[in-house]
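The same chain A turns up in both complexes below, where it pairs with chain B and then with chain C.
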Partner chain A sequence: MTTTGRNGSAVHETVQRIAHTVASALHNGGGNPFDLSASLITHADDPVALAAARVLGADVLAPWAFLGMPVSQGDLALAGGAARAFPPDTSSVPSTWTHWGLTAALHRAGPGGAPAAVAAAEPEVAWAVDGSWQQITHRFAQLASLAGPTATALLPAAAARADDLSRGFVRAMRRQDWVQAAAVGRWLAAAGCAPASLGLAAGLALVAQVGAGDARAALHVRAAQALARGER
Partner chain B sequence: MTGETPKRVPRGGGADTGGAGATALMHRVGSRAVHWLEEHRGGFRAPDRGASADEVKEFFKPVGELALMGRVLTREGVAGTSQAAQMRRLLDFAWRDVLDGGGLLAWMQRGEPLSPVPLEVYTAFRELGYHHPEVERHARLMVSTRSWQALETLPSRRLGLTRHEARAELTSGTATAAALRRTWLAQTPEPWTVDYHIAYLVTHTVFHLTDWGARLDALPGDLADYLTLWLPAWVDEWREKEHWDLLGELLVVDAMLPTPAFDGTAWQRFAEAQGPDGAMPLERTRSADGDEFGTLYHPTLVAVFASTMATSRALTALNGSPS
Partner chain C sequence: MLPTKTRAGVTAPTDELVEEVEALLSPTEADGTFHDTAECLGALLGGGEGLLSPPTPRPKPKK
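Right after this comes the complex of A and B.
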C-alpha cells in the first residue's frame, strides 16, 4: 500500500487523529463511549479514513480489545472497509500480519463484523528466529498493533528474542526514534520479559513526555502501559 | 536502518572469533598503530624548561597512556617481534627522554604534593621495570594521608586510584570493592541513558577494575552480564556515529568479557577508519589541519589496546584454553 502527495499527507494526518483518539481512550479508561468513526466526521467509505485505519490495523479497535469498551457499528464498518480495501500483500510479512491482526480483531469484536472478518490461520513466524537484533527490532516494531491482550504466535517469538528487542529499544531511544522505541517497548510489555536493568517503565514514561508529538508513539506507550498493568 | 552501504563487511559476527581472517584483521590494526606511534614519537616530547605544572601535566597524559598500552602489549604477548621491539624503544624514549628517568614526576610531586597524576603515570612504567625510588617514597607517604583518601574525584577515577595504589604495592587494594560500588556501572542503570560521557565512564571503570586487562576475573558476574547484554547497542551507536575513539574503547570492553562478541561489522569499520600510515582518527575522517598528534595519539593508542586485547582473547578461544 502506498500513498503519495496530497493524499499521503491527508492519510498521515488522519492516522495521527485516530492514533491520538485511541491513545486517549487507552489512557483515560473506559468511562466515555468510544466512537472513532463518529469523531472523524467522515463517511465510513472515505478512502483517506480507510487507508489510515489500515495503517493502524487492529489498533483501530484497541479500546474494545484492551478495555472492553463497546465498539460502534461505524468503527466496525471502518475496520472492515479498511481490511477489504487493502488486502494483504502476501510477499510482505508486515502486510500479511497486520491484515491478519485487523481481521482477527474484527472477528472477535462481534457479529457485526464485516464479511472480511473471517478467522484465518495465523501467518508464519519463522522469520523471527533468525535475523540480527537490529532487523528483529525493525520487524517487530512494524507489527506492534499485534501486541495486545490476545496472544498470537508472535508473543512467544518476541519473548524468545527479548534480549535482542531490548537492545533495539535502547537503540531506538538513543536515536530518538520514539515511535520505534514505544512499539518495541509494547512488545516487551506484552511478553513481560524485559531485562530488569532495561528500565522499561521509565523509558516508556520518557517517550510519553518527549515523543508524544507523534500520536503513534503515544498510542504504543499507552498500550504498553495497559499491558504492563495486565488489563484484560 | 541507515543508508550506508559498508563494503566488504562480513555478515553476522556474534559470539565467535570469526575465524583466523577476523583475528588477522584485529591484529593488523594494532601493528599499524604501533608503527605510527613510533614514527611520531616526537609528539611525546618533554616540556620546555620553565613550563608550569599545568603545562607539564598536559605532557604527562600521552606518556602515561603510552606506558599503559606498552604494559598491555608486553603482558598479552600477541605482538610480533618487531612490533614488541618498536614499543620497547618507544617506552625507553618516553621514560628516559620525556620523563627524565622519572625525575620529572618527582619534580611535580615536590610542587604539588597531593596530585595523583605522577602516580597515575608512574604505575605502568613501574610494572614495565622502570623505577624511581623518590617517586615511590613520596607516593607511599601521600597515600597514607587522610587528604589523599578524601580527595574529591569522579568515582571511576577513585576506583583507578585504588588500583594504582595496589599495583604500585602501596596498599593491598582492599578499597577496590567499595570504590567500585560508587561507580555508575556498578548500579547497572538504564542502558538507554548512556551518552558520550557515561560511555567513557563505563569503559574506564572496566579498565581500572581489571588493571587494564590483567585481571579479567575481577569483573563481577552481574556486571559482566549487564555489559554482555547492552554493549552491542552501544557499539552499534558509536560505530554508526563513526566515533572511532569511543568505539575502540567499547571494543576493548567487549574483549574483556567472559564471552566477547567480536562484532564483525564494527571491527571491519574500525579497521577501515584507520589511515594508511596507521593513525586512527578520533571520529569520522581525519581533518587536514590542527594539532595532528594531539588529536590522533589517543585513538591510535586505543587501537593498540583494542587490537591487543581482542587478538589475545580470540587466540585463547581458538586454542580452546580457559581464559
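Right after this comes the complex of A and C.
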C-alpha cells in the first residue's frame, strides 16, 4: 500500500486503527456496545478519518452487519460523511464497488433499515467472468469489504470462480501476502465454496497468527471466521 | 474499547487525500516471479535427462 506524503501516512495509520477496532469487535462478539466514532479522538468531520472510513468501506459498519450490534449515530455520520466526501471514481472498479457497498450498508443500517434496493443499482461484474485467476484474485481481494452476510452479484461470481480463488488463496499464502490471503479467504467463506482440500479454516488461523501485524488482514480473518460460523 | 487518535490539521479533502484514498482502494499487485508446477517439472526432467545422457563420443587419443 502506498503511504507517501503526510496525509497518506495519516490515512494509512487511521485505516489500521479503525480496522483493529472493528476486528476486535468481531472477535469479541456483541457483548460490548460498539461506537467507532467515539473511539476516535478527532473531529467528526476530520478528512483523514473520513478518508480512512472510505478506504474500509462497508467494514466500518461490520459489527452491525455481522453481529447485529446497534449502530451509533456517530458511526452513521462517519460512514455517510465518507461516502459524500469521497465519491467513486467511475473509471475504477474497486472505487465504484466499495462506494456502492458503503452506501448500501448505510441504507440498511440507517433508521428504518431501508432495503438495499433503495441504493443505486449494483455496478457491473463482467470482469469476474473473463479475468485470469490471478486477475480475479487481485480484484476480489480489493473488494473484500463486500464479502459479508448481504448477497450481492459478487457472491455468485465468486462462487463461479471458486477454484481460481482457491488457487489465488494458496498463492497469496505462499507469497506471504497476508492481506490478500485473508481477503480471498473471506470471499471463499462468504460464498461457501471453498474446496475441503484447501484447508481454508487452518489457513485463516495461520494468517491470524502470522499476519496480524496488518489490521486489515486481521479484520478479513475475523469476518471470514464469522461467515464460516454462519453468523447473521 | 480504547480510544485511538487520528492526526488532525486538515480541514477539507484535498486532491492529495483523494488520490491517497484511490490508491489505497486499488493497491497494485505485489511484484514477483512465479513458476508453473508443470513447466518446472518438465524443465527438471529435461535437465535431468541431459545430465544423465552418455558423454559425447570423442576420438580416442593416439598413443
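Following the convention adopted for this analysis, the second predicted complex is superposed on the first by the 221 of 232 C-alpha atoms of A that agree within 3 Å, B and C clash if a C-alpha of one lies under 4 Å from a C-alpha of the other, contacts with A are read in each partner's own complex, and residues count from 1 in each chain.
Going forward, a residue touches a chain if its C-beta (ideal position, glycine included) is under 8 Å from a C-beta of that chain, and two chains touch if they have at least 3 such contacts.
All values derive from a computational prediction rather than experimental measurement.
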Q: Label the relationship between chain B and chain C on chain A in the superposed model as either fit or clash.
A: clash
Q.
Just checking: does A:L188 make contact with chain B only, chain C only, both, or neither of them? Give me first, second, both or neither.
A. neither
Q.
One more residue to check, A:M69. First (chain B), second (chain C), both or neither?
A. neither
Q | chain B versus chain C as contact partner of A:R171, first or second or both or neither | A | both
Q: Applying the touch criterion given at the start, work out whether A:A49 contacts chain B, chain C, both or neither, answering first, second, both or neither.
A: second
Q) So, A:S39: does it touch chain B (first), chain C (second), both, or neither? A) second
Q: Determine, under the contact definition given at the top, whether A:A58 touches first (chain B), second (chain C), both, or neither.
A: neither
Q. Is A:A147 contacted by the first partner chain B, the second partner chain C, both or neither?
A. neither
Q: Check whether A:W133 is in contact with chain B, with chain C, with both or with neither, and answer first, second, both or neither.
A: first
Q.
I want to verify the contact counts: of chain B and chain C, which reaches more residues of chain A?
A. C
Q.
After the superposition on A, what does A:A158 contact: first (chain B), second (chain C), both or neither?
A. neither
Q | 111-119, 129-137, 219-227 or 237-245: stretch of chain B that collides with chain C | A | 237-245
Q | Common ground on chain A, meaning residues reached by chain C in one complex and by chain B in the other | A | 134, 138, 171, 175
**Q.** Residues of chain A touching chain C in the complex
**A.** 1-2, 5-8, 10-15, 17-18, 20-21, 24-25, 32, 34-35, 38-43, 46-52, 54-55, 85-86, 89, 92, 94-95, 98, 134, 138, 142, 171, 175, 177, 180
Q: Could you pull out which chain A residues touch chain B in their complex?
A: 133-134, 138, 163, 166-171, 173-175, 195, 197-199, 202-203
(Q) Per the contact definition, I'd like the list of chain C residues that touch chain A in the complex. (A) 1-8, 10-14, 16-18, 20-27, 29-30, 32, 34
Q) For the complex, which residues does chain B have touching chain A? A) 1, 188-192, 194, 226, 229-230, 232-234, 236-237
